[in-house]
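In this document, chain identifiers A, B and C correspond to the written order of the chains, with residue numbering beginning at 1 in each.
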């Protein structure tokens, strides 16, 4: 069941590649806008880089949240999933995982390239990538709750950002904190372990809360 | 004598009970407010470090406390409403949100006003001010979600879920912001770090906290009454009230 | 056995129905009738557990469907107004995935056979978005052939279907009822289905 839902969502993503690419290009464009707005001074860009990449990743992942459930809601497949004998939380976990594979992983892979634009040292690039690797699934999981709650509401896209962005703050702080710590020569593993802890906790609780939200939204 | 408390959990009887209680709380709030402001502005001594400017804490600190308490109280009632399907508790949660957001806003505003004479800037990215700002976002999120949903039952339940998710996250957000702040060595003086407090200052502040509670209860009860009227507009007892011209 | 006890439904301020009682035995057909807006779809969504009744209880084999949860869903197939198919997937993929999510993993051959019985032979590899309304309906109804659940809840299953398809569905329903299945359905079309017991539920 878990595998089926992932397979299904990946298949749909393959049929609709443009959706995946728009999210990725949104991420690239946002990151590339900053040097244009604050000037190409390399020292400043280097200190800004982790924050800029993380905020752009937050926004990109949030923009694609609308697609997590709303298409399935409109064509009735979500209704059928709610009536599945298997656990709805597991199904939501599958959908969040698929969402991460489709939107999170490309961001993670693209991040080192963007880091080079900002002249980050190699080690910092590695830390940035691993922080994103651990942090982006948290964004998809927390986002699932917001996406489920705003299902079918007018202005749902803007609303979901109001609900979800404040909840993203801890990941943002520790994610960019890890890179900054590395660049100032401080041990960064504590940051990564904390993001790992967030990931575990959200993987347990977020699908459950999102499943509950889906039942409320479809009633 | 046994009192049937459950009687008041029905919106109709709560409506009239709340109507009787509101004037009491308004009265208490007014008395306490006058007393608290008097103690704060005329009795409490001038602070040797901060001069007269510190007196804004008599508004700032109660507002900040209230903003946090009310969020927890709101999540509590929303959770009760979700778990036991009690309409009145969900109505309470919706009624608390605007008051909580207002106190958060006051705390932010007075924090800025205090910051100007203290550090020469209106805003510093101090841990507590930042958390207060995020709390404000959480209130706004809760209210916008409820406002976007037309069906009251769905609105109650969806609001409850986001409030509970929020209340779980508040400590996490608070500690990460705290940690972020110590790392970046931002403000050296925390806004809420009260100077060595004279006992009159403490008295003044406590009176103001009670005044805020009384005010909050009065306003929330009033708002619950309005929500009850709105939601029960199709029932016989509301029609009766209209006939009597009591609304 | 499916039972509804004193069911009531409220939408917004309006009460759609109250005190609806019925009981459906094995082999029984229940047709829900009533004008537009009388709450037929609302009742069906309650019966499949998507929404909660404002009052009353729904029982499956003498246990509330609230408590049964997954166990009840394993015994029930719901086909609603929305087709429940993905436009970007092919007919075959749609059938395989939707039945897998309903708890019945089927092979390609079994799926192809079901599709040809429902009249979609040769269309297996087409994406659903190029199909007509009636054909989409058939894709949705093909689930009934592969998901062996005793209780079918069908909301307007005959909409957009042509005469031959209506006949096909009619036969399908009759076979299901003969085998001891149960059907709850709404339809505005006159349809003649022989069943061990037929209940008409009128919503005012």
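As a working rule, a residue touches a chain if its C-beta (ideal position, glycine included) is under 8 Å from a C-beta of that chain, and two chains touch if they have at least 3 such contacts.
Because the structure is predicted, anything quoted here is derived from the model rather than measured.
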Most distant chain from chain A, judged by the mean position of its C-alpha atoms: C
Innermost chain, where centres are averages of C-alpha coordinates: A
Between B-C and A-C, the pair with more C-beta contacts: A-C
Interchain centroid distance [CA atoms averaged], chain A/chain B, Å: 32
Computed distance of Cα centres, chain C from chain A, in Å: 37
Chain centre separation (chain B, chain C; CA means) in Å: 49
Multi-partner residues of chain A (at least 2 other chains): 219
Residue list for chain C, restricted to those that touch at least two other chains: none
Contacting residues of chain C [partner chain A, same complex]: 48-52, 70-71, 73-74, 76, 78, 80-89, 93, 97-98, 100-103, 127
Touching residues on chain A, where the partner in the complex is chain B: 145, 149-150, 153-156, 159, 162-163, 165-167, 169-170, 173-174, 177, 180, 198, 205, 209, 212-213, 216-217, 219
Residue numbers on chain B that touch chain C, as the complex places them: 150-151, 233-234
Touching residues (chain side chain B, partner chain A) in the complex: 134, 137-138, 140-141, 144-145, 148-149, 153-154, 157-158, 161-162, 164-166, 168-169, 172-173, 176-177, 179-180, 183
Touch list for chain C against partner chain B, complex: 12-14
